Amino acid sequence: MKYYVTVDGKEYEVDIRDDGRVFLGGEPLDVDLARVAQENLYSLLLDHRSFEIAVEEVRGGYRILLGGELYEVQVTDERRRRLMQGRSKPAAPHGETRVTAPIPGLIVKVEVTVGEEVAANQPLVILEAMKMENEIRAPQRGVVRAVLVEPGQSVDQGAILVILDDTV
Amino acid sequence: MKYYVTVDGKEYEVDIRDDGRVFLGGEPLDVDLARVAQENLYSLLLDHRSFEIAVEEVRGGYRILLGGELYEVQVTDERRRRLMQGRSKPAAPHGETRVTAPIPGLIVKVEVTVGEEVAANQPLVILEAMKMENEIRAPQRGVVRAVLVEPGQSVDQGAILVILDDTV
Amino acid sequence: MFKKVLIANRGEIAVRIVRACQERGIRTVAVYSEVDRTALHVRYADEAYPIGPAPASESYLRIDRIIEVAKAAGVDAIHPGYGFLAENPAFAQACRDAGITFIGPSPEAIRAMGDKVQARKTMMAAGVPVVPGTEEGIDDEEALAAAEALGYPVLVKAAAGGGGKGMRTVYTPEELPRALQAARREARAAFGDDRIYLEKLIDPARHVEIQILADSHGNVIHLGERECSIQRRHQKLIEEAPSTAVDEDLRRRMGEVAVRAARAVGYTNAGTVEFLLDPEGNFYFLEMNTRLQVEHPVTEMVTGVDIVKEQLAIAAGRRLRWRQEDIRWQGWAIECRITAEDPFNNFLPNSGKITYLQEPTGPGVRVESSLYEGMEVTLHYDPMIAKLIVWGETRAEAILRMRRALEEYRIGGIKTSIPFHIQVMNSTHFIAGRLHTRFLDNFTLNAADQARHPHVAAVAAALIARERERRAAARLQPQKSPQSPWRWAARLEALRR
Amino acid sequence: MFKKVLIANRGEIAVRIVRACQERGIRTVAVYSEVDRTALHVRYADEAYPIGPAPASESYLRIDRIIEVAKAAGVDAIHPGYGFLAENPAFAQACRDAGITFIGPSPEAIRAMGDKVQARKTMMAAGVPVVPGTEEGIDDEEALAAAEALGYPVLVKAAAGGGGKGMRTVYTPEELPRALQAARREARAAFGDDRIYLEKLIDPARHVEIQILADSHGNVIHLGERECSIQRRHQKLIEEAPSTAVDEDLRRRMGEVAVRAARAVGYTNAGTVEFLLDPEGNFYFLEMNTRLQVEHPVTEMVTGVDIVKEQLAIAAGRRLRWRQEDIRWQGWAIECRITAEDPFNNFLPNSGKITYLQEPTGPGVRVESSLYEGMEVTLHYDPMIAKLIVWGETRAEAILRMRRALEEYRIGGIKTSIPFHIQVMNSTHFIAGRLHTRFLDNFTLNAADQARHPHVAAVAAALIARERERRAAARLQPQKSPQSPWRWAARLEALRR
């Protein structure tokens, strides 16, 4: 079975044969994966190099802690990939940029108004979290289409704060 | 519900009322039990004294690790106790002492023969484990009724080595 | 000595203080907010009492509840740790009023050093060099004029401040109004006091501080310096002792000034005098922290003095056991603050459950942590979740050991600052000891550097996906061998070699 | 310096050596038996290779397989740790033949000290005082006569012995034949050599040993003594440095003799010269351990010298970085060996799964462990599963700290020696430093003392039983609140106070 694994935007093909042989991009590997006690901890020997791997299952893949580094990894296999082929990606809302709260916090100040033109990196909103003020800046230039928060309001992580129109 | 708990041969009555009040031997206690993350770890505040409790379920009760100490604890409740009442204990085989292997190991030597009279503490068998020789001694005086092992034989933990007749 | 001490704090510092008390045979009383019911400081203390809901303002900052618990539990003394009520003179006063010893300086000393502008004046009068600056509580117009006179860049600081809150660096007159506004807002929110003042920015400068011990019999000594220049938004991230910029003579001179500063306010117990040190070896009083510092362990590791135990002894009225000349420094210690922040996303704090934990240990490694597997890291409190401290015979050994220990520190479930620390330990400027407070401005975290093993992650993910499919299948249809076939392929491979 | 080192060992010492290598930038290669596939030393090393089934004779003692792996992995050097092949001259020779550096002394030096009777002769010739005794390989009749001449009590020892194997103490002529028989049997099984000899029993005596470092340029220094008198069946359980019986003068004299002993066999690398010390201050050579000792950390903690790193440097041909006069001792260190043995059942080794683990840390605490949650402790190897080492400014502080750390050390699933250590730390004789090798004969473990909290266990058990019933019921019939009502009762209670 071939697995297609995406790590930081780069795709790797891992072929795990039924006879136990493993190939990475066609190159044979000597691998030994062993589970350590708990559900989410593994020891991997890859060509005898030793790696400890803590893993969390997330949507469509895993979050892998490896040598002090955290990788977001998506996994699919050839069967599923065939099923997906032919389908088109859902269209992204064109020209719209949603600026969201990166952490839960309190809106201290809104620096822009609807219709205002903003430059990339211009402060939009000041969000207080952990007793520190965080400036939430525009990821790119555009025109403010909507402001969804006001000072004094508490927001959850991921809440939409401002919507920019970047086609104007 | 009243619980009867045996710790090191001593019985304690713990009454846990439906309103949440708890009594130990009739004395009211201020208790707060909270599970810590894993299945088998608890924090107990008993009249505000703090105890960390790691617990393993074993037959008829728990093995409790508490302040670096390990307790073997049996628990029953009033319902079950009523059910048990009236039943008699199964009779222990009278006059027979089974000497068992306290650890797995290799029988190095058998020091006694069937029919031999032995004193308490007299060596019966030499068992090698962890590269050390361990003398397995008679727990009390008696006559050797049976020897169930021979030198060179490997035995598991709990295997019966020698049976003594202590009525003679 | 005390019989029973209440620790008015949480997290690693509460655990640290519990340990010190246990080692002196003192019983300990923990207090906890609702979310901290199963925290390590609760489990390690002898007794524990709830004091309210998660927000600190409703629990760890509630002087009334803490004093009430202290009375109910019958404690002799209270240790405030750092943060929360540690530098609140009202709390020290409340302890005094309740007849309970406050393990720290007097309310008067806290107050004298707590108002930063007042402290500057006291220090100037005592002959302690201070950074040129203005009066407190100036308005925007005065600030503009003063900044012009001091010369840019200048620092906007809160009169009641600390921990970087309400602080702003300003390089041009145009930036000043916005900075004044923000600083006032933060200061009001954090301290209920929006008075600000200006200071000349000493740049480049090192943040070097001197640890003080003062008993109630008039004896004051110092335990040498800590270098704390690696800061982000005025929050220290890495500290060490000694400093690569301080030689024996400078240590003696800074130490003498720090002792003078402490004496000027009748200071008792442990405290820290913070200085800015410029490249020419001039140093300026910044402020005095009238409490135990986060970074106290690096001093402990090089002097062998247990500062928390000395705090207990001093508070109990004991005399210092050393004269200045008895203090000796051996080797080098470094501390990394491990925070629940994502270094690759602007150090955004993050919360979550610790799904896996393995903490480093072994020679020369000390961990001050309150982590445990299954713990929920919340956004209610400071994002610092642990401190990793190492000792080495030399600074080079300490750095190598810190690298090793950081690699060994495995925290699953949340993003931490560990990858940041690994990169700092590998940076040539850090290794060369060329430090200053804007070190991090010129330091770029390299996400590519970070991802050293993407192909390993890829192979691991595929194997784990396969293993889990198999296990799922095996649950439906039990198989004979639990061993995966590729394990055996690997064995055969190994034997063939 | 080496690029890559193979560690021919397992457990805590393999982890210790991996760490030392990582801190010197050396890549590490672990070897493992089938049951150790997920052991910490495998997971912490850079590379790992299987070498056979669980029994040591088929894996960790297989010289051929280890050399094969060393060649395949391309290592420069092999560190043998302690135990297994560490004192096997054939292994040192096999490394030499394969062109790989053995991190330890030469095969000749190992051989010269390995034969205990030969070593005695060499030492006598070098002017090192030895315990009066016999030739090796004597028969029973000769032994009886010799024992009479030496005077009872006598010790029966294996010529090829070590670690207490094949050793017996005999107080009367009647006991001698049985002891000889047993000693021979054990010696044959352990070393394939059943030759024995007798020594006069020095009693009371302390077991005091001197740590040696010797480079390949003729420099030999000592790092002072370790007191290892707390032994059970000749297995050390608790060690400390310095010794309460050794003053500066005696340290200097014992150190000089130890250096002389090392020089007499052309010793290089780290080694330990063991002595018996009688109450009059006379000391007698016992044997030399030609390897790293289990208890090396206590010396590291008081001298600041990292012995394992020095082993690497010496093996790489470097000169010692110190002269004798550079070595200074600071504070006090104690080590407790944590074993998977039941102290309340005659120290019977036990096996099982580690169901819960929390290791102590904080100031002055060092853990050398290979434990992890979920680990299977088997009976295949030594029952020592971890070492707990503390440092204190004084011996009293070290004892108090050790108590605290032992209480904090939580190992679930198996019985360990921790309760034994707690009781020793509380015993007046230990605290007074009145130690001798039969200390444990007069020391009774108190099972009642041990059970300090039976009523707490009782209450906990009832609450847990109730909680589990509720949870089981809740799974069938989901409830609204997960909070148990008695928790709330407690809260109310607290507020009322």
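Each chain gets a letter, A, B, C and D, in the order it is written, and its residues are counted from 1.
Here is the rule we use: a residue touches a chain if its C-beta (ideal position, glycine included) is under 8 Å from a C-beta of that chain, and two chains touch if they have at least 3 such contacts.
Model, not experiment: these values are computed from the prediction.
Q: Report the inter-chain centroid distance for subunit A and subunit B in whole angstrom, where each centroid is the mean of the CA atoms.
A: Taking the mean C-alpha position of each chain, the two centres sit 53 Å apart.
Q: Which integer distance in Å separates the CA centroid of subunit B from that of subunit D?
A: 30
Q: Using Cα averages as centroids, what's the distance between subunit A and subunit D in whole Å?
A: Averaging C-alpha atoms per chain gives centres 48 Å apart.
Q: Send over the residues of subunit B in touch with two or more other chains.
A: Subunit B, residues with two or more chain partners: 32, 34-35, 38, 45, 48-49, 52.
Q: Among all residues of subunit D, which ones touch two or more of the remaining chains?
A: Only 44, 49, 372-373, 407, 491, 494 qualify.
Q: Have a look at which chains touch which and call the overall pattern line, ring, star, complete or other.
A: Per interface graph, the chains form some other shape.
Q: According to the definition of touch, which chains form touching pairs?
A: All chain pairs meeting the touch criterion are A-C, A-D, B-C, B-D, C-D.
Q: Enumerate the contact residues on subunit A facing subunit D in the complex.
A: Within the complex, subunit A contacts subunit D at residues 32, 34-38, 43, 45, 48-50, 52.
Q: Which of the residues in subunit D come into contact with subunit B in the complex?
A: 165, 182, 185-186, 189-190, 233, 345-346, 348-350, 355-356, 379, 382-383, 406-407, 409-413, 415, 418-419, 422, 450-467, 484-491, 493-494
Q: Given the complex with subunit B, which residues does subunit C contribute to the contact?
A: 30, 37-38, 42-49, 73, 372-375
Q: Would you tell me which residues of subunit C are touching subunit D in their complex?
A: Those residues of subunit C that touch subunit D are 15-16, 19-20, 22-25, 44, 49-50, 68, 72, 297, 300, 304-306, 308, 330-331, 358-359, 361-369, 372-373, 393, 397, 400-401, 403-404, 407-408, 491, 494, 497.
Q: Can you tell me which positions in subunit A touch subunit C when the two form their complex?
A: 1, 3, 5, 7-8, 10, 12, 14, 16, 18-22, 24, 29-35, 38, 40-42, 44-46, 48-49, 51-56, 61-62, 64-71, 73, 75, 77, 102-104, 108-109, 126, 128-134
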